[in-house]
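Got some structures for you, see below.
Each of the next two complexes has chain A plus one more chain, namely chain B in the first and chain C in the second.
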Partner chain A sequence: MFAYVLRRLLYAIPILVGVNLLTFALFFVVNTPDDMARLQLGAKHVTPEAIERWKVEHGYDKPLLLNTRATGSAQLTDTLFFQRSAAMFAFQFGKGDDGRDIGNEIQTRMGPSLAIALPVFVIGLLVNITFALLMVFFRATYLDLWGVVLCVVLMSISGLFYIIAGQYFIAKLWNLLPISGYAGGIHGLKFILLPVLVSVVAGIGSGSRWYRTIFLEEIGKDYVRTARAKGLSEIRVLFRHVLKNGMIPILTGAVVVLPLLFMGSLITESFFGIPGLGSYTIDAIQAQDFSVVRAMVFLGSFLYIVGLILTDISYSWVDPRVRLQ
Partner chain B sequence: MSLVTSHFVPVLLWTDALIFMLLIVSLAAVWWIRRHAHLRAPWAAVARRPMAMGAALVLAVFVVIGLLDSLHYRERLDDSPPDRPQYSVEVLSVFDALAGRLRTQQEKTYSAPLAMHLYAKEFTERDGATVRDYPRLKYGGAHLKQADEYVPDIVRRILVGLLQGLAGSLLLFGLLAAWQARHERMRLGGWLSAWATGHLGWPGRTVVIVLTLMLILGAVMARLAAGYHVFGTDKVGQDVLYISLKSIRTGLVIGTLTTLVTLPLAIVLGIAAGYFRGWVDDVIQYVYTVLNSIPGVLLIAAAVLIVQVAIEAHPDLFDTAAARADVRLLALCVIMGVTSWTSLARLLRGESLKLRTLDYVEAARAFGVSHARIISRHIFPNVFHLVLIAIVLDFSGLVLAEAVLSYVGVGVDPAMYSWGNMINGARLELAREPVVWWQLGAAFVFMFTLVLAANLFADGVRDAFDPRLEERR
Partner chain C sequence: MLGIGLLAGCSDSWNNPYPDTDAHANVLYSAFSERPKHLDPARSYSSNEAEFTGQIYESPLQYHFLKRPYTLIPLTAEAVPKPRYFDAAGQPLADDAPTTAIAESVYEIRIRPGIRYQPHPAFARDATGRFLYHALDVAALKDKTQISDFPQTGTRELVAADYVYQIKRLANPRLSSPIFGLMSEHIVGLKALGDALEKASRAHPGTELNLNDFPLAGAEVVDRYTYRIHIKGKYPQFIYWLAMPFFAPVPWEADAFYAQPGMADNNLTLDWQPVGTGPYYLSENDPNRRMVLTKNPYYHGETYPEDGDGADRQAGLLADAGKPLPFVDKAVFSLEKETIPYWSKFLQGYYDSSGISSDSFDQAVQFSAGGDPRLTDSMREKGIHLVTAVAASIWYVGFNMLDPVVGGQGEDRRKLRQAISIAFDYDEFISIFLNGRGIPAQGPIPPGLFGYVDGVAGLNPYVYEAHGGKIVRHPIEMARKLLAEAGYPNGRNAKTGEPLVLYFDTMASGPDTKSRLDWMKKQLDKLNVQLVVRGTDYNRFQDKMRKGNAQLFEWGWNADYPDPENFFFLLYGPNKKVATGGENAANYDNPEFNRLFERMKDMDNGPERQQVINAMLEIVRRDAPWIFAYYPKSFGLRHDWVHNVKPNLMANNTLKYRRIDPDLRAARRAEWNRPVLWPILLLAGSVIAIIAPAVVAWRQRERTTA
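Our next item is the complex of A and B:
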């Protein structure tokens, strides 16, 4: 087990290197620091001196890959690639265009992101499984048919409308909860309720429809027929057998997104003014702050790979037939 | 010099060319499928599903509007000399010409749906005194002299539209019944009773009901739009119905052209990885794991920002604003395609891995059949259903993604008509008092209709093509 995890971690390194090279190519080679400076300075103030000054201020005044003016190992280390790209492996993200340390920002913003994303994940899972089980219980009846149609209808509504409708009706019209904002601790609960509610409702359509297919696949298997033949009640078959076995693909499918919860949701956080990583990213995109975007790309892929490894481990954990070698 | 100088010059935008290429390919595919019984069978199964057929009709309306909106031209300027004609910088489409007044009747600012007054108060002269009141609209309800004519006029227009729609659908239904009865060699009464009881072999009732509803809706809308702004006007006074209809093309382009980019990558790389295995498989798997591990929105955002920089650096390449917006739209499709081929490729890889061990593939290899031939004759036809299911399932997701990306600021050009831009602009409108809800509402209605129809159609296609589901039935 330990050897397996270690090997998977080693296997993750080339992938992170690939991500790193790709982002380096996108942000430094295709789109040079000169372009960045021009974009940030705006059309009016572009002079060669201003560009140079901007590059010095933001630490982009070095050669890309090889510093011919330096000596020894500094030829390789005193470059943009080493200092801005390779440094990410040590989680050294440098400073954003606003001068703040990106690593610090990530640490302080992870909490609020998690405060929204974790309840959404857990409650969403419970709600979707409940709806899916209900539809499976009433399978091949009109209740099931219209349940599926309702799911497709819910799926066809853009997530933006759920947020806008939730904010408008619940917060503005009925004044039940604040429209947006965030506070730590127990006082922050009222700010969290609305985004969580909206995100859970927005996910019901696709979630419960997907789980319904998983349960239906399970219910056609032989062991379920045996259980029924033993004379077990339908409820018991559903909860003791179908739910338990159906949870394997559901949980292992959910594990992969678990680490990504730290990243938060771009849209939800920006609409509700949550100071998490999602709104940090969206602000960076809108301000065209490339160093923050690069840091988030790296962090995102790192968390995704962690998720993949966790998925493999959870497979062997819930299903003893799977052996990790 | 010819005496007849043309009044317009056709404009072929990049996305137009690709759309019509796609249309030609689809028509060729239809012709091909019709000639082969084994390809026809699953489509016939789709055609037997009421939900899928109803959805297909709705989609067809959207597609026709989108195609009409893809035939672009530029009008000749009236005052330009005939020997050296100059053309307007504004790129119009056949749809614009058909929409006519919808495009040109621009008010001053916001007005509510079907309103005859502006949304904002203004100082106006009345009976010699200056009063602050809601002024009348320039076009919406301008034919009414008195305010009390308003309700009867609206009711009259709705009723006339209703009757016209009904009459049109009755006429169509009559023609359909006569033609079908003749075609099936049945008596007209026999066909009608078969239709009414649902024994036609195809969902005749659903088709007729959906057609009737659409005709009535279209006729009522057309009646109302002739005198009012059905969905109101936006901040600069443009008709929201017109904006919503123009956005259809953007949604369709994103939903289809992205797939056009995805398919070659996914098919070639997916099948190659599964069929050749070894180092080819390792390389391809490595590439897609890297691409997959980058959060999609971020990769798209990064690429779009870069394209934006490139477009801004070369303003001389584009002669009109429409051409610039179009290139950005195309770039968005390419970027979304490059980031989204991985899931289909993984699916195709797995399927090819299974297929290559089958006896007939092994036999072909033993006979010395070339790899290219094995793949094209034995592997590709057997994974094609997966490709097709992926195309229809992805479409609605892509249309929804456009709205989110435009909100983030990395979607289509801000000047382009799109539902994402409408929603984005509507955020501030909701904070106004009284609320300006109609732009958001219109975007919701149009987007929801298209995505719901696409989802229902996709369900029908998946159920008909997925062999796994076939076994369960």
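Our next item is the complex of A and C:
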């Protein structure tokens, strides 16, 4: 197992280098260092000298990928790409163009992102599984039919609509919860309830339908028939046997997104004023802050790889037939 | 629902985003949609940053809160300085000496004694007088991420040297001050200081530059409370810069404090944790969530202005005359990126004032038969007030004067531009796209600035005419006639018969961009001229402008200071963008206009200056390098518990004048935010109604199976 994980982590290095290179290329195709300087210095009274000075101060005066003026290995190392990328593999993200430490910012913003994403993930999983099992329990009845119809309706509505409707009805019309905001600790509970509620409801449609499909597939298998033949109640069959076996695809699907919960949700965080990581990347793209964009893409890629490794490990845990070599 | 129920016991208003203990506190609540990038007065230049820096830092001068036109008055200075002029030999000259004879202007500023800085650890000293926090190592700073993590604070008196120190900071290459380029053209020796600092910065990349070791010929400390600034030649507009945070004092102790290793890694920099003498200091700085300004306990004190006009008195703006400032104890700014929650919270009373987004405009404002904006009944019932003001800004459509089709000074090109100017009906644009929030522009100078002429007397005769005492646009027939005279009868080239196709570059984006651009095409359709829109992003647009590749483009300008020079310089030949990288994006260059500009910029306001301005206006209106589109009008709302609100589009330090009635606010909030409980009961009932038949069905099935 250890050797397998280590091997997978080593495989991750070229992937991360590739992702980094791609981000770098895409960013600098759209934005030149001059563009970044202009955006940072503002629209007024910007002189070419000021742009040059800004580039020098922020290290953007170096060639992008190849320094033809340098000799030897410095041709590759004395470049913007190398200087900006090497430290990242030690998780030293440096500073954003606004002078704030990116690592510090990520640490600060991770908490609020998790405060929303984690309850949404856990509650959403429980609600979706329960709802899916109920539909399976009442399969081929009007309850199943209307359950599926409800799921399709919920799936068809834009996520933004849930947010706006939730804010309008719950916070504005009925005055039950704050419309937006965030606070740390126990005081933050009232701010978290609404985004969590909205996000869970928004996810019921797609989640429940998917889990229903998984459970329906399981329920037709021989071991279920055997369990019923033994005289077990339907509830026991569903919750003890079908759920346990159906958990394999559910778990693997859930584990892969687990690390990405740190990255937060852009729209939810933006509308509810949650100071998480979700909007950090978009803010950075809008501000043409390459340092932050690069760090966030790197972190996202790394967490995704971690998620895939965890998925493989979870496979071996939940299914004894799977062995990691 | 259980969670909501639990919260119910905690508060009268369940949706209150603030602690209940603050319900009657003298706190002003506001929001910011974009976190500020810089709070260092040498770097900060955006209006969203000025909202904070304006309250924290104090430049020597400020704008009078009530007087219009905008008037400069002393802030920390004892008086508004009058420049003294000297010739090349250093001999003093008379105040009315010709500009050509003036080699140097000297501004001597004397600040008031006894002004102290906000409490800050950078000033904290031990019993022996040594600084407590100027020799910290990285380990000592490990757990210090906020200024409040330093237990000891101190203060000291503001001295003239702090102002000189800040002027030097403008030249520090590590700060990349946006006005360094401009100021180095005016302040004696600033360019040389910038070069010296750049050299030193390159030689010692990891070391902090001690600005006190670098002399600046153009800024000298005369005594503890007096300093002088030497300006090359004559630059009367410099006085306005003295009212901006760029020229506010920065204590050297702050730079020394923040320069310590480990500080920047914890986001402890002057760019994020300002140190000033103003009425407020930044007590909480979490730009991802909220920023809090708290009353500076060492504030030197100032009183509410007593000299306003009759309209101010009638509006209740003189009710607090002579009372000590500031009124509000604390101002809480919450990050609110989206307009919907912002607007909803304003209506719930959780924000004291608000702008009006296009989404909520119809809900808030309606227009009378005479076209005057007024609040809707629902807003009036809530006691909300409407505040409007014309911004010191202009939006225009520029013609690239280097372009072979629309540019140049030939009579035919001029007529072409005039025809297009008439065709673009900006009265209609303001009505359709701005909800009436704008005034059609008659020239480059917006209302409220010297040089602007109101009414029929100030109309642009090449686009408008007077009709029954009103200003109306020339009929489109006149535009067609001009177009024909320009060589394009019915929109076709008279020589080749080819249709006239024009190209419009824009970086517009947003939900109504397409309709706006369609509207523009429609305007030229009236002349049978085709308009091709070339949408582009900000970077490419800037690039095109720099290279002169655009033909028609849309741009705007927001005044730095209330002087016509700040608008006319956008059309001054030597500022051409393609040739010099200046702000003259149209690349307009008329020698007569240039000559008049050079004369006008150095003149004092008065009839003579107005005469020169009128001549300049006539030239630019005739040449039409811009389609003068509109002067934007700002609409704002405030609750009736907020007092002393008068739009001052030049001043940034107006928070100190605001007064609120917290008890009225608390009562209104309680009244407007009573929780509605029936939806919870309805939801619970619905869940039971759904579950009950399911349980029954399950039991039946279980029995059947058994």
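Basically, the second predicted complex is superposed on the first by the 292 of 325 C-alpha atoms of A that agree within 3 Å, B and C clash if a C-alpha of one lies under 4 Å from a C-alpha of the other, contacts with A are read in each partner's own complex, and residues count from 1 in each chain.
Simple rule for what comes next: contacts are C-beta pairs under 8 Å (C-beta built on N, C-alpha and C of every residue); 3 or more make two chains touch, one makes a residue touch a chain.
On a predicted model such as this, the values are computed, not experimentally measured, just so you know.
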- request: Once the structures are superposed on A, label A:I164 by its partner contacts, choosing first (chain B), second (chain C), both or neither.
  value: both
- request: With the two complexes superposed on chain A, say which partner A:S301 touches: chain B (first), chain C (second), both, or neither.
  value: first
Message: Applying the document's definition of touch, where does A:L126 land relative to chain B and chain C: first, second, both, or neither?
response: neither
- prompt: Who does A:M263 touch here: chain B (first), chain C (second), both, or neither?
  reply: first
Message: On the A-aligned overlay, A:I13 touches which partner chain: chain B = first, chain C = second, or both, or neither?
response: neither
Message: For A:I285, using the defined touch cut-off, is the partner it touches chain B, chain C, both, or neither? Pick first, second, both or neither.
response: first
Message: One more residue to check, A:L26. First (chain B), second (chain C), both or neither?
response: first
Task: State whether A:T108 touches chain B only (first), chain C only (second), both chains, or neither.
output: second
- request: See if chain A has more residues touched by chain B or by chain C, and give me that chain.
  value: C
Message: Quick check on the output: what are the common chain A residues between the chain B footprint and the chain C footprint?
response: 30-31, 35, 39, 164, 168, 172, 288
- prompt: Where on chain B is chain A touching in the complex?
  reply: 286-287, 289-290, 292-295, 297-299, 301-303, 305-306, 309, 312-313, 396, 400, 403-404, 407-410, 423, 426-427, 430, 435, 440, 444, 447-448, 451-452, 455-456, 459, 472
- prompt: If you look only at chain A, which of its residues touch chain C in the complex?
  reply: 30-32, 35, 38-42, 44-50, 53-54, 56-57, 95, 98-101, 104-105, 108-109, 134, 137-138, 141, 143, 164, 167-182, 187, 189-191, 193, 233-235, 270-273, 275, 279, 283, 287-288
Chain A residues within the chain B interface of the complex: 14-15, 18-19, 22-23, 26-27, 30-31, 35, 39, 152-153, 155-161, 164, 168, 172, 220, 260, 263, 266-267, 281-282, 285-286, 288, 290, 293, 296-297, 300-301, 304-305
Task: Show which residues of chain C lie in contact with chain A when the two form their complex.
output: 3-4, 7, 13-17, 19, 35, 37-38, 45-46, 145, 173-174, 176, 178-182, 198, 264-267, 269, 271-272, 286, 288-289, 334-338, 340-341, 344-345, 347-348, 537-539, 542-543, 560, 581, 583, 673-676, 679-680, 693-694, 697-698, 701-702, 705
